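Heads up, the next two complexes both have subunit A, just with different partners, subunit B and then subunit C.
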Partner chain A sequence: MAVLARAMKGRRTHLIVSTRRLLIGGVLCIAMLGVVSPAHAYDETSTGRPCAGCHGASVNDPAGPHGGYTATSKKCATCHSVHEAPADGIVLLPAATVLATCQTCHDGTGGKGVYGTIYARTSQQPVARHTMLDTAADPITAIPGGDGVGGGTRTAAFSGTAGGLTCSDCHSPHGSNLVDPFTGDRARSATDTAGLGSLSNFSSTRLLRQRPTSTDAAYASVTKYGSDWCAACHAGRLSWHELYNHPVEAATTYAGTGSAFTYESVARLTGVGASTTELGSLGRNNFGYVMPDPRTTQQSGHEPICQQCHEDARSVGDVTARTVDATEVFNITALDGAAAGDNPRYQVFPHESDNDAFLIETDNDLCLNCHKQPRG
Partner chain B sequence: MSRVRGFTARQTFTALAIVLVVVLVALLVYLYFFLRDGGIPQPKPTSSPGVESVWELYGPGEGDLPRFDGPMGVVVSEDGRVYVTDSGNNRICVFDTQGRFQSTFGSFGIAKPSQGATATYEPGSLNYPVGLDLDDDGNVYVASFYNDSIEVFDAEGAPLRRFPDPNTVVGRGGSGYGGTGIAVTDVAVHGDRVYATDSYQVVVFTREGEFVEQWGKPGAGEGDLDHPNGIAVSADGEVVYVSDTNHGRVTAFTPAGEVIWQVGTIPEGMDDRTVGELQLPRGLAVDSDGSILVADAFSFEVVRISAEGEVLARYGARGVESGQWNFANDVGVFRSFALIADKGNGRVQMVRLTR
Partner chain C sequence: MGQDRDTAVETAGGAAEERAGSRGRGVFAVVLLVLLLLCAITTVIQTLTLDGEDEVVRGVIENLECLQCHTDLIPEFDRDVVHKPFMAEQCTTCHTPHGKIETETTISGAAQSIKRIRTLVEWLPVKVIVDLLSRDGAIAGDAGPPRRVTETPVKGPTSELVLPATELCMMCHGDMGALRNAAYPHTPFANGNCLDCHDPHASDFASMLTIAPESLCVTCHPMGSELSRAQAHAPVEGFHCTNCHDPHGSAYKGILVDSQRDLCFTCHPSVASLSGMAVQHGPYANDACTDCHEPHGSDYMPLLRAEEPRLCYGCHPEIETDFRKVSHHPVGTVTLDCTGCHDAHATNYAALLHDNDNGICYDCHARPIQTTYDASRHKNTPCWGCHTPHGSNWGPLLKAAQPDVCFPCHERTSFDDAAGGHKNHPVRPVYYDVNAGSRLTCTTTCHGPHGTSHNFMLRHYDSPQDGNCLICHAVTPGDRVGVDF
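Moving on to the complex of A and B:
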């Protein structure tokens, strides 16, 4: 300051000029810093965050993305984007294909995953799957057993890329025209409070369409999940092709008394070692996969539905007694079949399976669930 | 000695010295802030509510995989290393805080092959890496989701260890495939503790990987969890924040698992029309003031929640422009900036949240 004071002993006009220069220099320095440095001009402690009350309109959205659109159109925007969808995409979805769009959420971190789970968990590709490459180069258009007249393969135009099969051919992401809820194998939620070991029943539509592959009213509408639902595509697998097909129970071909079996209502064993049956869901246990010989009254006159042979791979039944023994009880001890003793293991049917043709068991094990071992 | 416009040489020298000192001080101040923020570019305004954009990255921009494939996690070290889980490519990408690519580490490997198949895992292998965090030494803890374990690397990416053993039951059980290991989606490190989210619980380990305890369970009650996908610890280590994702809420726990508060309500079904403060909370981070930043994938916002459990602000909107996001999956914090793992847009953004 002494130096500064001595400098100020000059003429006042020169002092004023000098002061101006200093001020201008200082302002320039500060301006320079303000332009170049992002840090001191913005500080997280001085940005003046607004308090509660700044909630956007989106807080009025219903919780889930699949359904409830009449409440607010904003829910549509969870999946559809008016201006920012990929240029090569469809229906304004966030990814280029339906499959990729679904995988945005259904990648496993919100559950156990769907496609890709078996490989990621085992390093082995699944043996069977409803393949949906969803690419223009190699669309999946062939339906094995799709020919309802001849029983052979037919081709179909699905809703995926280049007419290939994709998720939305079987599932309605909008939750419209769905089959009735059914209790499946896969437990995705629990409401009990006993700990990790117990589960609540889980009944859901799985967003399955009443008219898989189409919304066209000309196609059969199936309200109950079971053989008829599968036959919407695989029509040639129904029982009128006895020459090639194992008999199968379907409402469209059932001629017996009462109602045809569906997934939610089959005659299943009443317990471990039992040879009596009760009507109930095929899901949540292995008791519905065995048909004792001789058949019970509830099973008499009925054939198995598709899912009694085609479901997640599992170990079912005592091949001699045709009952379910204690070691083969369907036993989900944690959600989504995560525990070592779970049977079945992957619970990704009908997307992928480590058994050929989605069979629950292979070779004789499968047949002997219902048929006695041949003699002679 | 000559005179300049009436000043003596001494006066002139003195005045120049003062100016030089001022300039020097200004330069030092500038350098301090420049270095403090690592030379981060000036944020630019965006049309996205409360968001200024600094930079956005779509991948390393070089090598065989120049672009990200669904990046799901981001964290920044004190010295300015930005670690990104490039989930679909099974690797970690490292950048500096100016967005310049530095390196990658990690590779694909399956730890739990089925019987008869060959394990492709080797130390450092990843199988759908999701969340990640750093310890005080800068080591990187990665949630290797499909390998049911946490993979630990040093700051340079050299593999250090893996825990828990994906083929061993953890505590009283976890949700790893076959009942062994944990289906880990995110990790948070504080002191010697590593908190990991399993499908319906939080599992606590030491940094070396020794099991400590587990808390949380499925259900719809207070503190129950359903596929949590985010976890973070307060600076003092007294609060553990968990994104209870499928329940649409964030819960603050004590380190022992006792509930302190919850934000959000559990949806009762697909057609539940109740108003929820959070739609699908995923990754979260604790900001420097103690508030929590949550990536809400279904509201397409980053939500700020106070340390007391009050929603303070919402940032961003859906889109592909700077400062917008599509299914954001994680938030990182670096000084006055936030980093967003913008999964749906296949990028990571550095932004400044302005309110």
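Moving on to the complex of A and C:
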């Protein structure tokens, strides 16, 4: 409820500042027309122009312009200009940085992008974000919990223009060496094979690399999105470490029988009010975010994966009810969770969140998803 | 009826007259034929038997006085060609007589005694008196005692020509005198040494040459080395020197009978037909065939003074420099020489090319290039818009390095990131083309400058198909150019 309230407040603020944003947007548009640079920012849901008008046949390709290349596909030119690319662009891209290049499409236009979505919808800066300045002035090179031994921060050489973290550290823009597809919450047009407006297909790789931050073979290749994928950077946050972390299940530390939980395979409630679980995806419902007490057989010996605490902010119920609150059930009505009543609301994890540390809920509300109210 | 008989009689009479006339014409024809036959037989017999003998006899008779001593010349009259003065006139036409008749008179009686006394006293001052007496005696002798006169021919000590040797022949052959002043006289002729080549009395060879014409010239102008070469000029091979050279003098260098062009055209009309063409090779236009051709013999077809392309380099040294560059047409190989592209004499096309525009290139490069090029957007650009025909430091025979060679037509800033203004796909050979396995340029993998079946003259796929990119960037693993960077 608190989340919903914040969302509503943000909506009001959004209306107040809309005039200013329009003015700024207009100036930016005029500026963009004055320079040689592809104008990729495009809201496919509002202009009425078919996506295929720019993207050709790739629009209904699950990979969009980011993979599935064949000799006769026409995707490369979506981002790269072989001739007459902007002078300050990198690798024939429309912008000077990877981040800026990605934002030519994923710029939060209409509050439906990645970075900037929360601000666009609420006029409030997100509380948490994977910061990617991707500039020479202030590259982000520190990984909190990146030290797999001491649990502290480690410094990494990312692939940003100045060595800082950027989009291509986690994502492969060319869809190469990706994790296995998983059913996530987020629905975007390019992953919707049934066509724009349908929410039937949420399974996608999200272009996540098997080896985030590095193509170095020394790093383990992660094919299943889950804790292990996060630990590629934040190794110091795993369980059974000399530092006392909240238990987290990862294949690298799992000692039980069977397979460790991954995002696509966790024990989740079988339905509203159910006390039984089934193995399924954490995505597209809130049934995996609560753990009934007592635990089910499927949960025995397992710990929660990172995403069971860190995901898009949402309301998932609590363990006391042994169920997901029917009023807080996962409920997406529009692409990108753009509808005011959507739960989760923004679908931008792990880029930004209006909860600290990308927690799905805050304070006790989070703990009570799995832990009963202490007695006494 | 009577009328009919009259008519029949007249008809019979007319037929008789006609038969008589026909018989007369036949007899006339036979007589005429017999006369012609007799004339022919007479002529042949005279030619075979009598004439030569007559000439010889006449010549001997004419010069009987000389031949008494110069008996060695008698056989000369029997040679094929006899000098006319020697044959029909007298030796003194050319020679001063140098023989004399010594006459000895034997006087009998007193006259003989007086002669002896005169001999004895010849030394005496009274010789004059004796002479007078002797004269008187001689006069008196006419009517005096009988005497006997003996004449003995005696060869004198010297013989002279009626004119100096260098001038003598001109006495009759004065019409050749002008040749002595020709720009290029034959030295023996100019010096009056006619006898270097001609026999003054008789010869077995035309023009009274001293020896056979095929041997005469080479006595001074040995041709052995020329004839031993791979190719000898046909007139030289047949020793027909005078086909080309005037043995006395000429207005043309080499004592040629005509200017080089006109002389050569005599036997080489196919070359003559080129003289009307718009572009002519300097030596050809300036009557200097021998600048390139060896007139007698050569080891290089067709009678060239040197093998190609060395021959051409003699006048075009800068071309040789071009051919030594890294990228060059394979001139000098067995398959290509300068004349593979250029006509050595004349053409209607610039630079003496065999063909116009790209046609000269298509002579060799038609199969892989012509069809696509003539259908491409480059079709109006001649081959030499990009290529230099001889040699270049930038392959393949480019006028400039890539991509610079493209920029005269294609805006540099749109294709070369080094030019500023825009970023462009690398086109400079500092990069490596993983597909072509060579230094990267515009044309190694992406574009086919001679035309392709794809838009933008792309080699492999239409734009914007990704195949154009994947050719290189789908290389895996490929941190450098692979898409998973």
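Everything below uses one rule, namely that the second predicted complex is superposed on the first by the 278 of 376 C-alpha atoms of A that agree within 3 Å, B and C clash if a C-alpha of one lies under 4 Å from a C-alpha of the other, contacts with A are read in each partner's own complex, and residues count from 1 in each chain.
The rule we apply is simple: a contact is a pair of C-beta atoms (placed from the backbone, for glycine too) under 8 Å apart; a residue touches a chain by one contact, two chains touch by 3 or more.
The structure displayed is predicted, hence computed values, not measured ones.
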**Asked** Looking at subunit A, does subunit B or subunit C touch a larger number of its residues?
**Response** B
**Request:** With the two complexes superposed on chain A, say which partner A:Leu92 touches: subunit B (first), subunit C (second), both, or neither.
**Result:** second
**Request:** Scan A:His83 for contacts with subunit B and subunit C and give back first, second, both or neither.
**Result:** both
**Prompt:** Looking at the overlay, what does A:Gln124 touch: subunit B (first), subunit C (second), both, or neither?
**Reply:** first
**Prompt:** Between subunit B (first) and subunit C (second), which does A:Asp354 come into contact with in this model arrangement: first, second, both, or neither?
**Reply:** first
**Request:** State whether A:Ser172 touches subunit B only (first), subunit C only (second), both chains, or neither.
**Result:** second
**Request:** For A:Pro294, decide between first (touching subunit B), second (touching subunit C), both and neither.
**Result:** neither
**Request:** Would you mind listing the overlap between the subunit B footprint and the subunit C footprint on subunit A?
**Result:** 36, 71, 77, 81, 83-84
**Prompt:** Touching subunit A in the complex: which residues of subunit C?
**Reply:** 413-415, 420-425, 446, 460-461, 463-470, 474, 476, 479, 482-485
**Interface residues, subunit A side, partner subunit B - complex** = 3-4, 6-7, 9-11, 14, 18, 21-22, 25-26, 29-30, 32-33, 35-40, 42-45, 47-52, 54-56, 58-68, 71, 77-78, 81, 83-84, 94-95, 104-105, 107-112, 120-124, 175, 189-193, 195-197, 333-336, 338-342, 345, 354
**Fill in**
Per the touch rule, the subunit A residues reaching subunit C in their complex are 36, 69-77, 80-89, 92, 168, 172, 174, 176-177, 215
**Fill in**
The subunit B residues in contact with subunit A across the complex are 5-8, 10-11, 14-15, 17-19, 22-23, 26, 29-30, 33-34, 36-37, 40-43, 49, 52, 54, 70, 72, 110, 112-114, 116-120, 127-128, 130, 145-146, 172-180, 183, 185, 199-201, 217-221, 224, 226-227, 229, 245-246, 248, 267, 269-277, 279-280, 287-289, 297-301, 304, 310-314, 318-321, 324, 326-327, 335-336, 343-344, 352-355
